[in-house]
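A, B, C, D, E, F, G, H, I and J label the chains in the order they appear, each numbered from 1.
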Amino acid sequence: MLFKVRMTVKLPPDMPKSTADELKKKERELAQELQRSGKWRHLWRVVGQYANISIFDVDSSTELHDLLTSLPLFPYMQIEVEALCRHPSAIHADDR
Amino acid sequence: MLFKVRMTVKLPPDMPKSTADELKKKERELAQELQRSGKWRHLWRVVGQYANISIFDVDSSTELHDLLTSLPLFPYMQIEVEALCRHPSAIHADDR
Amino acid sequence: MLFKVRMTVKLPPDMPKSTADELKKKERELAQELQRSGKWRHLWRVVGQYANISIFDVDSSTELHDLLTSLPLFPYMQIEVEALCRHPSAIHADDR
Amino acid sequence: MLFKVRMTVKLPPDMPKSTADELKKKERELAQELQRSGKWRHLWRVVGQYANISIFDVDSSTELHDLLTSLPLFPYMQIEVEALCRHPSAIHADDR
Amino acid sequence: MLFKVRMTVKLPPDMPKSTADELKKKERELAQELQRSGKWRHLWRVVGQYANISIFDVDSSTELHDLLTSLPLFPYMQIEVEALCRHPSAIHADDR
Amino acid sequence: MLFKVRMTVKLPPDMPKSTADELKKKERELAQELQRSGKWRHLWRVVGQYANISIFDVDSSTELHDLLTSLPLFPYMQIEVEALCRHPSAIHADDR
Amino acid sequence: MLFKVRMTVKLPPDMPKSTADELKKKERELAQELQRSGKWRHLWRVVGQYANISIFDVDSSTELHDLLTSLPLFPYMQIEVEALCRHPSAIHADDR
Amino acid sequence: MLFKVRMTVKLPPDMPKSTADELKKKERELAQELQRSGKWRHLWRVVGQYANISIFDVDSSTELHDLLTSLPLFPYMQIEVEALCRHPSAIHADDR
Amino acid sequence: MLFKVRMTVKLPPDMPKSTADELKKKERELAQELQRSGKWRHLWRVVGQYANISIFDVDSSTELHDLLTSLPLFPYMQIEVEALCRHPSAIHADDR
Amino acid sequence: MLFKVRMTVKLPPDMPKSTADELKKKERELAQELQRSGKWRHLWRVVGQYANISIFDVDSSTELHDLLTSLPLFPYMQIEVEALCRHPSAIHADDR
């Protein structure tokens, strides 16, 4: 089941660089692990912003919530979720 | 080069059903042709709305504009475009 | 899987009363059938508006989209969908 | 009498973890007590957000205000209230 | 129980003047009857707009919904409802 | 001359409780004095919010500005002002 | 007593030119009469829009409402009103 | 050439009172000097807000920018600028 | 003096194609004439929309208003104007 | 390929002046270098705001993202990006 998610990151301006770097490193590791598992199907950067547009493929909305709240940067993100489904004109099997 | 596009369709309530059906049929044919060509990379329906979220892979913003304005339903669409680029944590080769 | 849906109905001012009545009668029949099936779990009127707040319990976002677009009043509705999941402090078994 | 309430929690980024944990523990206890009493009829998590959608069943708007402002997290919440009433097409006795 | 209601009227530009006048006359009669009954406690015009700010004193949100939807101009109104309760610093007995 | 005013209070999270209590005590005293004088005609709490809806009856907009800016909590308030006048369907003499 | 008013005019696209011209002519005559009387103190065009920014100097908000609703174009205007008062740093006697 | 400017001032809550007083004193002196020069043609307080509505009469948009950014409170202001021109129905020579 | 203008065109859906074509032809001729004169300095299409972003170089805001309202499509445009001036880091002589 | 970018700068009020000056100096140097390279085609100040409107001419959206995020003031900017393309009525060769 697909969801489009937009995550915008706002780190506090006074967060020490080492803390931010450590958070970003862990975020990256988890993001890549979730991509390899197929749960985080697509991940793009929004041009000019510290934000991404992502497509998640999960078994339930609960699973999506658990994934999102497990992200190290979650406390610093504004997140918008939109439920998607197959479009009648789609031709690619995995745009389900 | 990737763009996320959101298209929301609003047909006039007094459009004859045959006109609407003909427009939708042509829209579908062109949408599928553009998907086969690789230009319209992804196409999803937004749940509960006569709207889609799409990812286009084009050579230039001019090409995107020409594709969008050639859609039979273009005169009845509200369209939002967002430029995307590769995310440093992306692992899939085609999330470029 | 739960979704909160808000539907706001706007009938064209020049729709004949008989057409509107027929649409509302069919809408009511389908709404009650879906409630009996357990898919449309809750249905409330928003005070002072021709709008409702509903909770749907469906197997997938595709099923929700199919239910919503099958409503006779769908062409006249503005619809907002929000994915819900179980709250860690919830105590009722069916607030899943 | 029913009200839909949406609560979004924003804890100050510099609140000590122990303070936050203590607040959340008390919030949970009161939320569960109010659910057992029947006043807080439904409680769901909004996917991807530190927010909930709730249905309260109270004797008056004053009672609702007193309940909401007694929540330990109230000073850190943005709250939206919407009055609901029975929908003419509702079939469940407690969607009153 | 008190509710603040803001009603903004938008009559279709092509409504015959006689129809509009008849609607306004009936609206006025009902508005005054409801004021005499004490249900419609206050009624003010918003300066420069075809809109009013009102305070209703009703037994339940259902009663408020029934009153508002019975207004002859209801189909042409945009309505916003806000639940009020007694302010701890209020001194007038009827600002309950 | 009547004005509807909506005041939303946002105290800084790090304001000492004794400072906040002192401010609120002075605010309450002045609010009650202004109500007794007839200038602050109505005062209601908005359900679920640290906000009020008020009706002021003043001789001029200058007088309203002076009253509002003299409130001890003024520096912490977001204020919206709307000019009201008598509604042609109003029946109560003091809804002038 | 001063009010800033912003009026945006939207004539229906199918209004006959002669009707529009007649409305505009009457609007102009009344606007100039009100300027001569001192009630409509300033009148400016907003660049690029069929809209104006005006300053009214009236005895009461009721008088302002009566003036605005007497304008021939009132049924086709969106109007925003903001109460002004003398600024402590103003030096011109008539910026009262 | 005329511009309407709206300035809303937000001083940091922890700015020392002496700093704020000094800024306001210098702001007032410059505002009055600019009014005397004819550049800052009108200045009004918005009722209930720490904000003003002003009319500037400058030779160019560059001159307006230089004036606004020279204000001592500029770093603490949110500023909106709207270009005005003479209204065809205006009768006062200086509403140019 | 420079202004950024955004024009969004909305033709009525029932405008005859010949009328629309004639309007667009005249619009194009005037737009090109104004570009040749140097008044309409830049003109770009917004991707995916029937809208443009333009830079005008005019002697006064009055001149800009006269140019914009003389456009054949003006009655069908939503127009936003923003005053620009030279940026201190600009290096091109004509970004004045 | 052209993009319109709007950058609004918000420096933290407690940033030391020397830090701000150093950031602005580096920003200026890079902005001028990018203008000389032809990538940052136009740069204008928005009147009354610490903001600019810019036109970038880049080979791809990735290149734009890399340029914007390399700006020393990027962490303090709110950035909006809009894709542009050649307008059919444009006459200047470089409004491509």
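In the analysis below, a residue touches a chain if its C-beta (ideal position, glycine included) is under 8 Å from a C-beta of that chain, and two chains touch if they have at least 3 such contacts.
No experiment lies behind these values; they were computed from the predicted model shown.
Peer 1: How many steps does it take, at the fewest, to get from chain C to chain G if each step moves to a chain that touches the one before?
Peer 2: Each step joins two touching chains, and the minimum needed here is 2.
Peer 1: Same or different: at the chain G/chain H interface, is the fraction of residue numbers used by both copies above or below half?
Peer 2: same
Peer 1: Looking only at C-beta pairs in contact, point me to the busier pair out of A-C and E-G.
Peer 2: Result of the comparison of A-C and E-G: A-C.
Peer 1: Same interface as A-B shows up in which of C-D, H-I or A-C, over half of contact pairs matched?
Peer 2: It is C-D that repeats the A-B interface.
Peer 1: If you average the CA atoms of chain B and of chain J, how many Å lie between those two points?
Peer 2: 29
Peer 1: Please tell me the distance, in whole Å, between the geometric centres of chain B and chain F computed from their C-alpha atoms.
Peer 2: Their C-alpha centroids are separated by 50 Å.
Peer 1: I'd like to verify one number: the distance from the centre of chain E to the centre of chain H, where each centre is the average of its C-alpha atoms, in whole angstrom.
Peer 2: Those two chain centres are 40 Å apart.
Peer 1: By the touch rule stated above, which residues of chain J touch at least two different other chains?
Peer 2: If we look for residues of chain J contacting two or more partner chains, we find 2-3, 45, 47-48, 61-62, 64-65, 81-86.
Peer 1: Taking the top-of-page definition of touch, could you list the pairs of chains it picks out?
Peer 2: A-B, A-C, A-D, A-J, B-C, B-I, B-J, C-D, C-E, D-E, D-F, E-F, E-G, F-G, F-H, G-H, G-I, H-I, H-J, I-J
Peer 1: Which bits of chain A are touching chain C when the two form their complex?
Peer 2: Of all residues in chain A, those touching chain C are 1-3, 60-62, 64-65, 81-86.
Peer 1: Which of the residues in chain B come into contact with chain A in the complex?
Peer 2: Result: residues 2, 4, 27-28, 31-32, 35-36, 42-48, 52-53, 55, 82-92, 95 of chain B touch chain A.
Peer 1: Per the contact definition, I'd like the list of chain C residues that touch chain B in the complex.
Peer 2: 3, 5, 12, 61-62, 64-65, 68-69, 75-76, 79-81
Peer 1: Under the definition above, what is the set of chain E residues touching chain G in their complex?
Peer 2: Going by the criterion above, the answer is residues 13, 45, 47-49.
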